[in-house]
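Here subunit A shows up in two complexes: once beside subunit B, once beside subunit C.
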Partner chain A sequence: MTTPDFSDPENLTARERQALECLIKRLADDEFVLAERYTEWQVRAPTLESDLALANNAQDELGHARLWYDVLGDHGYTERELVYERDPAEFRHSTIVELPFEEGDWADAVLRSYLCDVAEELRLEALEASSSPKIANRVAKIQQEESYHREHAQNWLERLAEGEEGHERLQAALDRLFPHALTIFEPCAPPHGENANKTNETSDDEPRATGSDVEADIVDFGLRTATLEELGEEWLAIVVPYLESLDLDVPESGQTGDGEFEFEVTQEMLPDERGRDGIHTDAWVDLYDDFTHTYRELGRSEPTKIMETPE
Partner chain B sequence: MSSNSPEPTETDATPCAYTEYRSADGDVAAELPATGADATGLESDVWDALYEIEDPEMPISIVDLGLIYGVSVAEGVATVDMTLTYSGCPAREMLTEEVEETAAAVEGVDDADLRLVWNPPWTVDLVTEQGKEDLREFGLSI
Partner chain C sequence: MMDLGTVKERAGPREFSPADDLPREYREAATRMIEFHANSEIMGAYLERPFIRQSPSIDRKLAFSAKVQDEIGHGQLLYRAAESLGVKTREEMLDDLANGDGKFLNCFHYPLESWVEVPMISFFVDGAAMRRQATLRRTSWEPYAHAMDKVCFEEGFHVKHGEDILKELMTGSRKEQQMTQEAFEEWWPRIIQFFGPTDDKSTHHDFASSVGLKQQSNDDLRNAFLDQYIPKARKYGLEIPDEPRIRERDDGTYAVEEDDLDWDEFFTIAKNEYEPGLGQINGRKHAQEAVDWVRETIERDTPAASGHEPQAAD
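On to the complex of A and B.
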């Protein structure tokens, strides 16, 4: 197969375009929704320094979401359509980014950040040589800004793990978050309408990803150079030993073989809602209502314009 | 072109952190930081106009800050390749609109097209010597 020419957005086949759009939604929706959750810590984090650090990380993630959404500008999408007017069931982020924080549970925020940041590092690496020049050219900027995130998370993880209460909270957060973190590597369902034609086994039209070729296309078209399975295995091979080094028990760590660091994400390890397939937790609907509230309330049609442009 | 001189002068030469690069869509190659020193005609006029735009937070020209990666004018349309220091820059729209309007207002230019580019990512190495002086005067250590 010859690699499609993604530098010319006008001349893509429907399938190539769908692969590109799915990949961008995976990337951008994760960043955007995680940022929405992080901002909940503003003026509530345990110290002023950590408050500023997390607020800054949130701003980074919003910037990255925007960089990714911009790629779809070539395909006629606007930020308004992609963020404020998209059907919440058409978001493709993993469920780990949408879960609410347990009230005041800083260990949750820190652990979640770590689990997401390791995954992000791996997937950015797999985009460095993307066949889409727009994607490839954004990677270095994002990597430049992401490098602090993991350092920040690990710093806090190590401090929390030393104390008894911190350790307990980390373990509780890990038990709760780990299955959702694995959904980062789940396949994406194509947009709802198109999927309905492909899976006719169920009548209730659930956008499960099964039967879709879009993830295979993403790799076959060279948009990303690693498969989801490869990324998931790499991620497990990093986070499992690290968390165990903090004396945490990783639930269903996916370790196979004996003594060898071989990992596999299996169906039993996953939660019911996987996000990528368009099935989200109830918390997502509430969060979506929250962040679109002002936009709807003010009857805006341009998210970045406060007033109508004077005639 | 006066860049073939074998002896670097101390007055205006800025060491280039990058040489050739692929732009957002792989269509232009340039040397960074770009300042338009070698530009002529309308392109030079656009550079001069862009020099007048200051960063919203610091008293430094956006050209000396290294945000402008390239300017070209063809058939009355100015194309400006520009980056931002930070992907989450809250002044993004303000700055890009100002750049577009400023370029389009140059006499002889009918319209301007701004392309936000991210590769290579901006770093302080892209600040010109003049820009570094301005920032030092402002109180930043660079």
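On to the complex of A and C.
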């Protein structure tokens, strides 16, 4: 197959368009929702210094979300359809980013940040040579900021893991978060209306998300140069040894054989809600209601733009 | 040690620094003033934080998150300037704030419940703060004046953003305009009280002014604010409420009828006894207690640093 020309959004086939949109929603929704959660720590972090640092990360992620959503501007989508008036069931973020923080659970904040940041680094690498110039052009700027995030998370993890209470809290957070982290590498379901009858499939015999064609297209069209399985394996090969070096037990690590990380996610390893398939936890609905509150209260029909083009 | 007479004689902009051996009266008065300012940054940020999430667009959300972050940064800077007087540590000041002993601006004791109230803080209150802070760049405690340089620079952006939010609301739907006018009527007297009671009722004014800590009187600041912000409010279509009565002087400047303002409420607030404000103090205390375990971990790691300098992991 010849690589489609994504520099010309007018001349894409329906499948090409869907692959691009699906990829962007994976990226942008993850960043947007994670940023929403990070902002919960503003004016609540352990110290003024950590408050400032987490606020920085939240703004970085929000900026990235804005950059990714903007890619779909070529396809006639605006922030209204993509965020403020999108049906919450049409968001495609992984469930790890939507879970609320328990008050004071800083261990969750730094662990979640680490798990997401590693995944983010890997998928950005796989986008460096994307066939979509708009995607490829945005990667370098985002990478620059993300490397700092991971370093920050690791500094904290290492610090907390040394203390008894910190270690206990990290282990509890890991047990709770790990299954949701695996959903980062789950396939996306297409929007409702297209194969809508299948998206709520809960049988164990076949994958619930029927987007695997879309996911294959994303790679076949050269939009991303690694498959979800490859990204997941790489991710496990990084996070499992690292977390074990902190004396943490990784639940269901997917490790098979002698140290090779075969990425074999079984149904049992995954939570009921996987996000990518449009099935979310109740916390997502509450979060959605909260962030759209003003927009609805004031009867707005267009989210305010301050910057003409995102930087 | 420098005696009080010399302090008063020398009192000028940025005159004193940690190199000077200053009398206790000066150091305590300066600590009280800067601690109040720092506490206000924190409690202002606490009040506004729900609107990061409730901002009606990604751009607004980014700007609002950055604003709240800036206020925390100002708090950090100001606690450092206060600490350098050698009277209280940052931990003592933050503990006092959590325990309800720390004082902060009257406006941050009120609840903030809707986006239409946001510009009441981020345009009017921040605008009022800007006026005061601009004069404090000439305060006699050099670390305080130095902090004000950065604070004023950033606050300028906040006020611009607040003004943009107000403009958007007042050019929006009729419903938005009405809601904004109602919010303005509720907040207007509180905003005027931002500057505190008239000079003859102000407890700390004379001393602070005689040692150069305070550069302009409450009355002068309030009047200058009215001169600047009444026309701005009108420009955006807000109607100035009948009460408190505002007199227009012959030269076109304004003065407020002090007796029309609720000073009982003001002094209840000043004692940290006003109900919504207490809820905010305790809400923040609760959030701080929930992360005590992290601070204890940090302190155990680095007993000497005690959290002043940025840590490797912060």
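One rule holds for everything that comes next: the second predicted complex is superposed on the first by the 285 of 311 C-alpha atoms of A that agree within 3 Å, B and C clash if a C-alpha of one lies under 4 Å from a C-alpha of the other, contacts with A are read in each partner's own complex, and residues count from 1 in each chain.
As a working rule, contacts are C-beta pairs under 8 Å (C-beta built on N, C-alpha and C of every residue); 3 or more make two chains touch, one makes a residue touch a chain.
None of these values were measured; they are calculated from a predicted model.
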Partner chain in contact with A:Leu62 - subunit B first, subunit C second, else both or neither: both
Partner chain in contact with A:Glu103 - subunit B first, subunit C second, else both or neither: second
Which of subunit B and subunit C A:Ser7 touches, first, second, both or neither: first
Partner chain in contact with A:Glu145 - subunit B first, subunit C second, else both or neither: first
Which superposed partner A:Phe221 touches (first subunit B, second subunit C, both, neither): neither
Subunit B versus subunit C as contact partner of A:Glu297, first or second or both or neither: second
Chain touching more of subunit A, residue-wise (subunit B, subunit C): C
Which superposed partner A:Asn137 touches (first subunit B, second subunit C, both, neither): first
Footprint overlap on subunit A, where subunit B in one structure and subunit C in the other make contact: 59, 62-63, 66, 304
Complex contacts: residues of subunit C adjacent to subunit A: 42, 45-46, 49, 51-63, 65-66, 68-69, 72-73, 75-76, 79, 114-116, 164, 168, 172-173, 175-176, 179, 284, 286-287, 289-295, 297-298, 300-301, 307, 310-314
Subunit A residues touching subunit C - in the complex, by the definition given at the top: 32, 36, 39, 42-53, 55-56, 58-59, 62-63, 65-66, 69, 79, 83-84, 103-104, 106, 152, 155-156, 158-160, 162-163, 165-166, 169, 290-291, 293-295, 297-300, 303-307
Subunit A residues touching subunit B - in the complex, by the definition given at the top: 7, 59-64, 66-67, 70, 133-134, 136-138, 140-142, 144-145, 304
Footprint of subunit A on subunit B - complex, ascending: 22-26, 86-89, 93, 116-123
